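Both complexes shown next keep chain A, but they swap its partner, so chain B is in the first and chain C is in the second.
Up next, the complex of A and B:
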């Protein structure tokens, strides 16, 4: 019985793992093929690997390096502004008691339920009227409208886990409110901050729909540039795959760095017996 | 150490909407005193401590520390240190960083911090744990770390909010003794909140007993034990607590289960009272009230008897020699000075 359970669990794990790994494996393999090999049917599993596609997309005429830079500016900008605003806001929301607090949580979720297509036209008109189409500040502003509520909502639960007595102890030790937030509270929600940074960065990095409408020739993130390899006449699969792999790298690196901070159980044993909340 | 840490609470009220948490609380604490705030949960003792610490503001009244009105002052400005019931250690910092935090906030020069931290840690015997994090410590060690963080700064006042309640029974007794020694040797003024009357009795120089948001009595543990001000205090202090029975008072005597007991009260007349006798003050034998032994609890060197006196329960503590058996009939007497009389309406002390 127990053995059967183990086998079943293992089988499910393998299925999920395959489903998860397939697109990545496919991208990596195709990025090492020539365009001709990539189109071969049935797909060639044995082929002579080449870095031609990478060389083309990085240093060729249509280099995507400026687009990677664009994506980086947009994503970093969105992440930094989001965190700078979301951390104090989430802290305040976690601590303050006011009427309708429960409702604000739902409101934040509601903004995420809104289909993006529905608001893309109004957003375009607003940005056009203030002349921010095809600017970094324009795109970052639009991304903030999604990432900020989400980040606050995510962070509030982390702040709420910190016992109130921790702050009171800091006040009695002579710390000001700001110092308490910086020295006592924020280090304890490090894990939550790391998670939020990854999510916000990832969403900004991968965003396509708004970018395609609101960007132009000056600001052109890699998700849009990638689309150039798909056209009516042909799809340059090898180059598309190479760009995909390159675009994946920063997020993968961020994930690895963030993981170090997502230490579970850091707060275990700090406070005995619960106490007043 | 200079004698500082005088506290005055003047006409303090605390209301949460309609609910009155503190009703006109007044007391003074002398420098160097170990002062306990004792009471059952919800009696207002913790609220009092929080108002003293500056974590809560009173609705009305004034708080003075060393003669200065601090009623509107922030916690950080009051120069008071506190040990929380939960310890509230900073989990991301080592023990040394925890202890040095108040010094850093006080802008002590870096060179002086390390020796001060070591000194405080040594006083509570955790100097070998300075590199650990709170999560790696046992409950007793965490408690000591919280103590060290509170004493390191040599604050005016040392506040303790049920600091022993999360320790196991044996460790609690040991720590209790050490706490008292520590307070004596440092000469600090300590304000100690507890619901454990035994802790308050053993630790405090003086104590304030809270009942339902009011201080019902302030005095030394001996005074409160010997002359409790009200039925509630009488029933709260002492283990087992004082026997309290409805009785009839007449011309200096009180009638319990039909038997006459002399009291120290001399007023003429007749009235209903509640008579209180401590279990240890009751003597067996002689010409006394006849009662049946319902239950015998052996506690080692003493035993506690549950006696039935005409339907009411009376608990008696006797030494372990010649303990009666269950079902026996014994006669009980008590000296006049051991009989406490309370008004059954106002619940306050009469004699």
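Up next, the complex of A and C:
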């Protein structure tokens, strides 16, 4: 009886682990096949692995290297601009006393309620008029609409953890507020800033709706470019798998690096009230 | 925020410097304004301004394909919307999609969390694997499912269906199966989120209550029903709120998997607003649909927050 229970539990475990890991593992396996092996029926679990698909998508004609670069520019650009704006704002919200503080905090949360499609329609009109469609500045600017509230709230939670004595000691020494923030406070929240950077980058890398509307020949992130490999007539299975794996790789690495902070990163702001995409 | 800064500035002139504390407070306010202004302006420009502009464009006829017909129409778009069958259909699809994915995520996530919590070995595997789906781009997830999992006579699920004697199915071409598929894909990607949050919450529950319950010989079901569930309630409600907001504005996964099709079978309101604006280039009406989506989002979140506050 006890034996049966153990076997049953083990079976449930394996089924669930498989259900969640399989689609990802299967993509990785397919990316290591030749197109012929990928198309084989019944599906082949055992095959001779090859890196041909990666070589083709990276260095063949229609290489996705420019698209990976495009994703990288968008994500890094968004991260830098977001952090420059969010760090001071989060500090003010977490530590300083001023009128309208509650309202400001609420406003930052409330901006996340807006459906992205409601932001992109007007933005598209404006960017079209000033010729910013298919430009990095256009896409990075609109990415602030989701990355900034997220980063501010995540950082607030880290700033709130620093003891007040640190600042007071610095003021008594005659240091200016700005200097104190830069020299004393920011080094204290290095860890929190690193976590925020990871999540802002990740969200920017994964964004899709804005990218679909605003991308063109110059700005073409890998999530958009992967559509080149599927068409009604013919899907290039191994290559598509390779592109998917390349698109997944950076975020999977970041996710595993930030493993301990994932729950916090995913639920930020929720404690105080809002919801995040 | 901006107004707080202004009043602080006007106060300065009227205040004697005798009150040192007051001056300090004033400096603090000005410093806060300085730090907040850039982020605040960026948010105004990227969220509030688009919202106002969206409401403005929703009062216009704005067809990029037929610009000569463009002009102010007042509430006409909203009138059309109320008698637009496709709008009501997309609203129903949105609600079905949201409710079914959220319920599935919470139930499966909670079951998994309880299961893993009681595991003596191998918890680490679940924790690592749970991270993978949630960090992936929904667009990539959609693409993987559309091809390697669901493509007829190629995808693994179709292979399993054939092996089980069900025959090859057109998973994304049949209206009902397509809806099931997009629900399953969303659930697959986001259940680990519910799982991780609920597991963290379970791990923080006080041990001694369970000790007491065990001494009182409460059954496992009683312990779950009377102790665990009430203690987990805040976490569950939080998961429901967050996942509802996301499901209502889901886009990438459905867009890549079915594009809203076949026909409009999986066209949630969000996708309808997108298609109207950027495929059919009817920006004015698309704006009205986006405003409708915002109103639905606000109503639903108001209900959820009321539930959270009550009890």
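Keep this in mind: the second predicted complex is superposed on the first by the 209 of 277 C-alpha atoms of A that agree within 3 Å, B and C clash if a C-alpha of one lies under 4 Å from a C-alpha of the other, contacts with A are read in each partner's own complex, and residues count from 1 in each chain.
The definition used in the following text is that a residue touches a chain if its C-beta (ideal position, glycine included) is under 8 Å from a C-beta of that chain, and two chains touch if they have at least 3 such contacts.
Since the model is a prediction, treat every value here as computed from it, not as a measurement.
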For this session: Could you say whether A:230 touches chain B, chain C, both of them, or neither, answering first, second, both or neither?
Result: second
Exercise. When the two structures are overlaid on chain A, which partner does A:131 contact: first (chain B), second (chain C), both, or neither?
Worked result: neither
Seminar exercise, completed: Larger residue footprint on chain A, choosing between chain B and chain C, goes to C
For this session: Using the superposition on chain A described above, determine whether A:145 touches chain B (first), chain C (second), both, or neither.
Result: second
Seminar exercise, completed: Dual-contact residues of chain A, meaning touching chain B and chain C, are 266-267, 270-271, 273, 275
Problem set entry | Residue ranges of chain A in contact with chain B within the complex | 163, 165-166, 168-176, 179, 183-184, 187-188, 190, 265-275
Exercise. So in the complex, which bits of chain B are touching chain A?
Worked result: 53-55, 74-76, 80-82, 84-92, 101-102, 105-106, 134-137, 139, 142-143, 149, 153, 165-166
For this session: Would you pull the chain C residues touching chain A in the complex into a rising list?
Result: 1, 3-4, 7-8, 25, 27-29, 31-36, 38-40, 42-43, 45-51, 53-54, 57, 62, 112, 115, 119, 122, 125-141, 143-149, 151, 153-154, 156, 159, 188, 192-193, 196-197, 200, 238, 241-242, 244-246, 248-249, 251-252, 255-256, 270, 273-274, 277-278, 283, 286-287, 290-291, 293-294, 297-298, 301, 305
For this session: Quick one: which bits of chain A touch chain C in the complex? Just the residue numbers, please.
Result: 12-13, 16-17, 19-24, 26-27, 30, 39, 41-43, 84-86, 88-89, 91-93, 96-101, 103-104, 107-108, 111, 113-119, 121-126, 141-142, 144-145, 148-149, 152, 177-178, 181, 202, 205-209, 212-213, 223, 226-227, 230, 235, 237, 240-241, 244, 247-248, 251-252, 254-256, 259, 262-263, 266-267, 270-271, 273, 275-277
